[in-house]
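Have a look at these structures, which come just after this line.
Each of the next two complexes has subunit A plus one other chain: subunit B in the first, subunit C in the second.
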Partner chain A sequence: MSYIIVVCILGLLGIGFYCLLITRNLLKLVVALQVLVKGAMLAVLFAGCLVDNMEVAQSMALTIIVADTIVAVIGLAMAIQVRQITNTSNIRSISTLRK
Partner chain B sequence: MTLIYALIAVALLYSAHKATRVKGLLNAALWLAATSCLTAILMYIMGSPGIAVIELSVGAGLVTVLFVFAISIIGDEKIESKFFIPPLAALLMATIPFIILAFLWISGISPVFKNTPADILANTIWEDRKVDLYLQAALIITGILGIMLLIAPSVANRFKKERGK
Partner chain C sequence: MQNNLLLWLLFTPMISSVLVYVVGRFFAPHDDEKPNKTVWLCVAGIIATFIPFILASINILNGKTVSTTIGDVTLVFDGISMLVSLTVLLLGLAVILFSIDYMAAEHSEEKFYGLLMILITSIIGLSTSTDLFNIYIWFELMAVSTYSLVAFYRNRATSLEAGIKYLTQSAAGSIFIILSIAMIFGTTGKISMHEIPALIASSKRIMIAAGACFITGYGIKCAFVPMHFWLPDAHSQAPSGVSAMLSGIVIETGLVALLRSLSALKPAAASFGMIFLIIGALNMLIGNLGALRQSEVKRMFAFSSISHMGYIALGIGFVLTFPESTASANGVFFHVFNHAMMKGLAFLAAGAIVFNLKQAKGDHSPLLVTELDGVSQKYPWFALLLSVAVLALGGLPPLSGFISKWQIFAGGALSKNPWALVLIVFAGINSVLSLGYYAPLVNRMYRHQPSQTVLSGVPKYSKTMLLSLVLLGIFVVLLGLVPMLVSNFTGSASATLLNMFQ
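What follows is the complex of A and B.
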């Protein structure tokens, strides 16, 4: 059971990190970040299980969920603005926003 | 029972992989929702049903709706440009967690999982971790303001164009 959860955590972190490194679409970046954060959230809860302190782990996981959602919301809003200004969702286009 | 956990784990990793690699943003959003659902199941198994419910409603519900909204505004696009980092180097960097896992496995350091449900989460949140609540409130206000500043002008322009027609 422990190893299954560890594999899940490391797998989510690995997949999210890999996609974060190679993707160029702004929306896909947000997806990769979401996957990465899910791995981190599971890791926090797992740590709470290990030290038998689930209350604090759950409280921190709640904060992570809120922060993750806000990051996704702002990331999507930025992606919309970048697409409407530069006509592309390519992450390289952000550097062309500078006047 | 272990087989069920293993199946959930495989499904979780498969859906996460598909969410990041599938073609089409709408498909990616749907696979991300599946990843959220499976993460919520795993959280429930780990003894935190409250967080699992919040993850299910926020991760699989709200975030998916936001993604669909964003995709409907900006549409899908195939991007053809060079990678920042070569895929092989990225793959090597992403396998570092698995190398750590292999090291743990070989050295025999096995984490002892205690499936003990939390006493009362509300007491911890409202009494011991009040700072977290203030932080969450600040984050939510920041998010709302950010959305208003970023999306509002474009939506207003769209309405103006539609009225002009």
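What follows is the complex of A and C.
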């Protein structure tokens, strides 16, 4: 059972980081971050299972959900604003600062 | 009483942030020309926060403990909290005074000031945390407020680009921090930094893995090379007041969070010390080389912040690696305070020039180095204060930057380790190298004929803007001449650091 959870954690983290590196779409970028956080959250819950302290693990997971949702909301707000200004969600359309 | 002090220290700016936003949004009429009057609530909030801060500091300096427990969460006001709180309150006051006229023409000023107060609350809260997860939460609160502040000019594509880069990289960093907390919690069943070291000492692999994740996660937030790519964009595109806060205290708070978290893994402190030394050297070099090739003033200062994080990381490396170099800790915290004052002054003085040359005429383009030509002839005070800031950042005596760098280097030299001496020489060369981009700024302001941009600038001196610059300027000059003015604060912070890793 433990191995399955570890594989799930690594899988979510792998998919999240892969998407974060390859995607150029701002909305997909926010989704990638969400997938990553779910992997990390599963790791926290798994840790709670290992030490038989699920109360603390669950409260940490709930707090992470709140923090993560706020980050996602701000990310989406920025993505919508970019779309309104440039008519596209492609990150390359606003990539001008690197010199 | 002492429990209440810490609660008041946190609640005063927190309540102010809500008040500023609600009053500014619903009760103060918006005028595009004049500043929103609710900003004075913000100033009052900061000044009110100084009262519990001073009382708590007196207790600490008298050897008493100031702490409070809410449920399972314990907050402790120690030497590091005292220094960080002093820095953020002074810099926050200067930034708010500066922004009164600077932000007057912007929409949603109340959001700006509300977010700024949340930022200040989160920094004070983070510095008082004693468990790994609590630090992470305060850090997320700080990050969320800074994402919105960086992308404050939401109708400008460059501002949004900087905000998105910052958000993405910072959120990715948070994943590493959560993973590290999970590893430690899964091994020890604890998240309190005082309980973990004894329980984790036998799990060396976990300590190294968790430490590496902490360094990666918080390293992104405090712009350690090679995780610094977001910083030049974010710091140059934000409003000048926010740039001052980001460079002056936010990245340093990342370092405080990292040190607090690593203290839970103190049996492996020496290994982390080596990493800090390597990161310090890289930061100094990459930051200075990056700054040398910049044509925009704020972007140059942003790269300079990367190099200054290098000096601070180097000092931490000396303390953690060499037992004889504990004196560097004093220099580290003195440099944290000095850097906040120097970089705050540099960004705000550059912001004042941008305001007069461009922003007052509705031009939001960045200030180029060439546009500083002859600024001293039209804006002598701004030119003087910007010169003081950059020369202090370059480490010229008798300004404050020289003293703190000297303390870091002298502490490192006490180890008598040949590698430490090589690093000190390397840091010295980097300090001289930084004058390669600071000195031409002064030269342009004083020895060149005024540029067309300067000639067409608005001859407008805002009293509050000048007051904020003079406040920071006094600290930069005075601390160079009388460094012992803050020695109680830096000494107490360094004692706390050494205690954390003992």
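As a convention for this text, the second predicted complex is superposed on the first by the 93 of 99 C-alpha atoms of A that agree within 3 Å, B and C clash if a C-alpha of one lies under 4 Å from a C-alpha of the other, contacts with A are read in each partner's own complex, and residues count from 1 in each chain.
The working rule: a contact is a pair of C-beta atoms (placed from the backbone, for glycine too) under 8 Å apart; a residue touches a chain by one contact, two chains touch by 3 or more.
If you're wondering where the values come from, they're calculated on a predicted model, not measured in any experiment.
Asks: By the touch definition at the top of the document, which applies to A:Ser95: first (subunit B), second (subunit C), both, or neither?
Replies: Once the two structures are laid over each other on A, A:Ser95 reaches subunit C alone.
Asks: Touching A:Val56 in the superposition: subunit B (first), subunit C (second), both, neither?
Replies: both
Asks: Mind working out whether A:Ala43 is in touch with subunit B, subunit C, both or neither, as first, second, both or neither?
Replies: second
Asks: Going by the contact rule stated at the top, is it subunit B or subunit C that touches a larger number of residues on subunit A?
Replies: Comparing touch counts on subunit A for subunit B and subunit C gives B.
Asks: Going by the contact rule set out at the top, does A:Leu13 touch subunit B (first), subunit C (second), both, or neither?
Replies: A:Leu13: touches subunit B and subunit C.
Asks: Answer with first, second, both or neither: which of subunit B and subunit C does A:Ala67 touch in the superposed model?
Replies: both
Asks: Just subunit B (first), just subunit C (second), both, or neither: which does A:Gln81 touch?
Replies: After superposition on chain A, A:Gln81 lies in contact with both partners, subunit B and subunit C.
Asks: Which positions of subunit A sit in both the subunit B and the subunit C interface?
Replies: Comparing the two interfaces on subunit A, one with subunit B and one with subunit C, the shared residues are 13, 16-17, 41, 46, 48, 50, 52, 56-57, 60, 63, 67, 70, 74, 78-79, 81.
Asks: Spell out the part of subunit A that touches subunit C in their complex, as residue ranges.
Replies: Those residues of subunit A that touch subunit C are 13, 16-17, 20, 26, 29, 33, 36-37, 39-41, 43-44, 46-48, 50-53, 56-57, 60, 63-64, 67, 70-71, 74-75, 78-79, 81-82, 85-86, 91, 94-99.
Asks: How about subunit A: which of its residues touch subunit B in the complex?
Replies: That would be residues 1-8, 10-19, 21-25, 27-28, 30-32, 34-35, 38, 41-42, 45-46, 48-50, 52, 54-63, 65-67, 69-70, 72-74, 76-81, 83-84, 88-90, 92 of subunit A.
Asks: Note which residues of subunit B are touching subunit A in the complex, please.
Replies: 2, 5-6, 9, 12-13, 16-17, 19-21, 25, 28-29, 32, 35-36, 39, 42-43, 46-48, 50-51, 54-55, 58-59, 62-63, 66-67, 69-71, 73-74, 77, 79, 81, 83-85, 87, 89-91, 93-98, 100-101, 104-105, 110-121, 123-125, 128-129, 132, 135-136, 139-140, 142-143, 146-147, 150-151, 154
Asks: Would you mind writing out the residues of subunit C in touch with subunit A in their complex?
Replies: The touching residues are 133, 137, 140-141, 143-144, 147-148, 151, 154-155, 157-158, 160-165, 167-168, 171-172, 174-175, 178-179, 181-183, 185-189, 191, 232-233, 236-237, 294, 299.
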